[in-house]
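First chain written, first letter: the chains are A, B, C and D, and each begins at residue 1.
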Amino acid sequence: MRVMVDFQLVPLGVGVSVSKYVAECEKIIQEAGLERKLHAFGTNISGEWDEVMACVKKCHEHIHQMGAPRITSALKIGTRTDRSQSIKDKLNSVTSKLEEA
Amino acid sequence: MRVMVDFQLVPLGVGVSVSKYVAECEKIIQEAGLERKLHAFGTNISGEWDEVMACVKKCHEHIHQMGAPRITSALKIGTRTDRSQSIKDKLNSVTSKLEEA
Amino acid sequence: MRVMVDFQLVPLGVGVSVSKYVAECEKIIQEAGLERKLHAFGTNISGEWDEVMACVKKCHEHIHQMGAPRITSALKIGTRTDRSQSIKDKLNSVTSKLEEA
Amino acid sequence: MRVMVDFQLVPLGVGVSVSKYVAECEKIIQEAGLERKLHAFGTNISGEWDEVMACVKKCHEHIHQMGAPRITSALKIGTRTDRSQSIKDKLNSVTSKLEEA
């Protein structure tokens, strides 16, 4: 099963600046070789369900190892059986309608 | 690694009423034997990371099998290394402060 | 326009325990007189759009005044024109299907 | 109070393809003149609290007028008193750390 997710990790108990931790997650996602796109509230990731979810778990484990005692993260999960769709495809389906207008 | 999540599944392409699908997910979560609490926007679930995530995957697979061509779901994920906490504990930490006031 | 939301506020830069801040939000929601239901990952709130959103804004303002320099919150927003529905109604539409089974 | 949000609107009861509705929301956000960045699971928007929230409300109203009987949307809300930050700033704070590595 293919999946497209939007993943945002927020470490708690490490002060107000969290970009160091977000950058570490981004490296883990890059190393996993998955299609991805960073934005200001998370990262769009696309791939096989088990690979994507293993990546999310690895992020939680790694951020705890870096010293964050608590993590709250948000994951939006999209699956569909009617057709396959990449992150670019999904974005294009909206932007093409904007250009038509 | 223990995890507490809040899981909300929304099937698309099956009309405006989705409670039939949400009830099926609730059964899958019940059968998994995990600590849980249903609310109006999802279900709090607590357990081992792999068990909880297997349950989420099973829900996506089952709802597609029921005929929903597309699913968008939202998962809030909480992990902590400082102490263990059940769904009831987490709720009590707030309600006890309300009673004190 | 009526709205039902699920609101979760997370203060950053105030350490690992956030229940003190969540309890303060709960008081603000109570004082607003809105239908509500607390769970382990937020609070279901129902009411008129402007009243509910004013309540969310007040929570952000108050938590900053309590000393939290940064807040990240999550709001799920449900509106419908086909029928009116309370928090209890929404929950019952699922639980009644579980009892039938 | 400045706010940065991530807004994702999902219309229910209109079939499996929702990009037409998402494009309409994007137009409303553009017309509001707010700093924004579309991604595959929503749109980052930055501005004054009341302007941003008025925009979110307008999207719900407009999508209902287009015929969607039910909408579920997700809004992540970020506020901070320690410093001002644009969408680009927030993104750069992560990407600069990736380049250093």
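Just so it is clear, a residue touches a chain if its C-beta (ideal position, glycine included) is under 8 Å from a C-beta of that chain, and two chains touch if they have at least 3 such contacts.
Predicted model only: the values in this text are computed from it and were never measured.
Looking at A-C and A-D, the interface holding more C-beta pairs in contact is that of A-D.
Taking each chain's centre as the average of its CA atoms, chain A and chain C sit 25 Å apart. With centres set at the average Cα position, the gap from chain C to chain D is 19 Å. For the pair chain A and chain D, the distance between C-alpha centroids works out to 17 Å. For chain A, residues touching at least two other chains, in rising order: 13, 16, 69-70, 72, 74, 76, 78, 80, 82. Taken chain by chain, the contacts link every pair, so each chain touches all the others. Note for the complex: chain C touches chain B at residues 4, 6, 8, 16-17, 19-20, 22-23, 26-27, 37-42, 44, 74, 76, 78, 80, 82, 87, 90-91, 93-95, 97-98, 101. Across the interface of their complex, chain A is touched by residues 1, 3, 13, 49, 53, 56-57, 60-61, 64, 69-82 of chain B.
Interface residues of chain A facing chain C in the complex, by the touch rule stated above, are 10, 12-13, 15-16, 18, 69-70, 72, 74.
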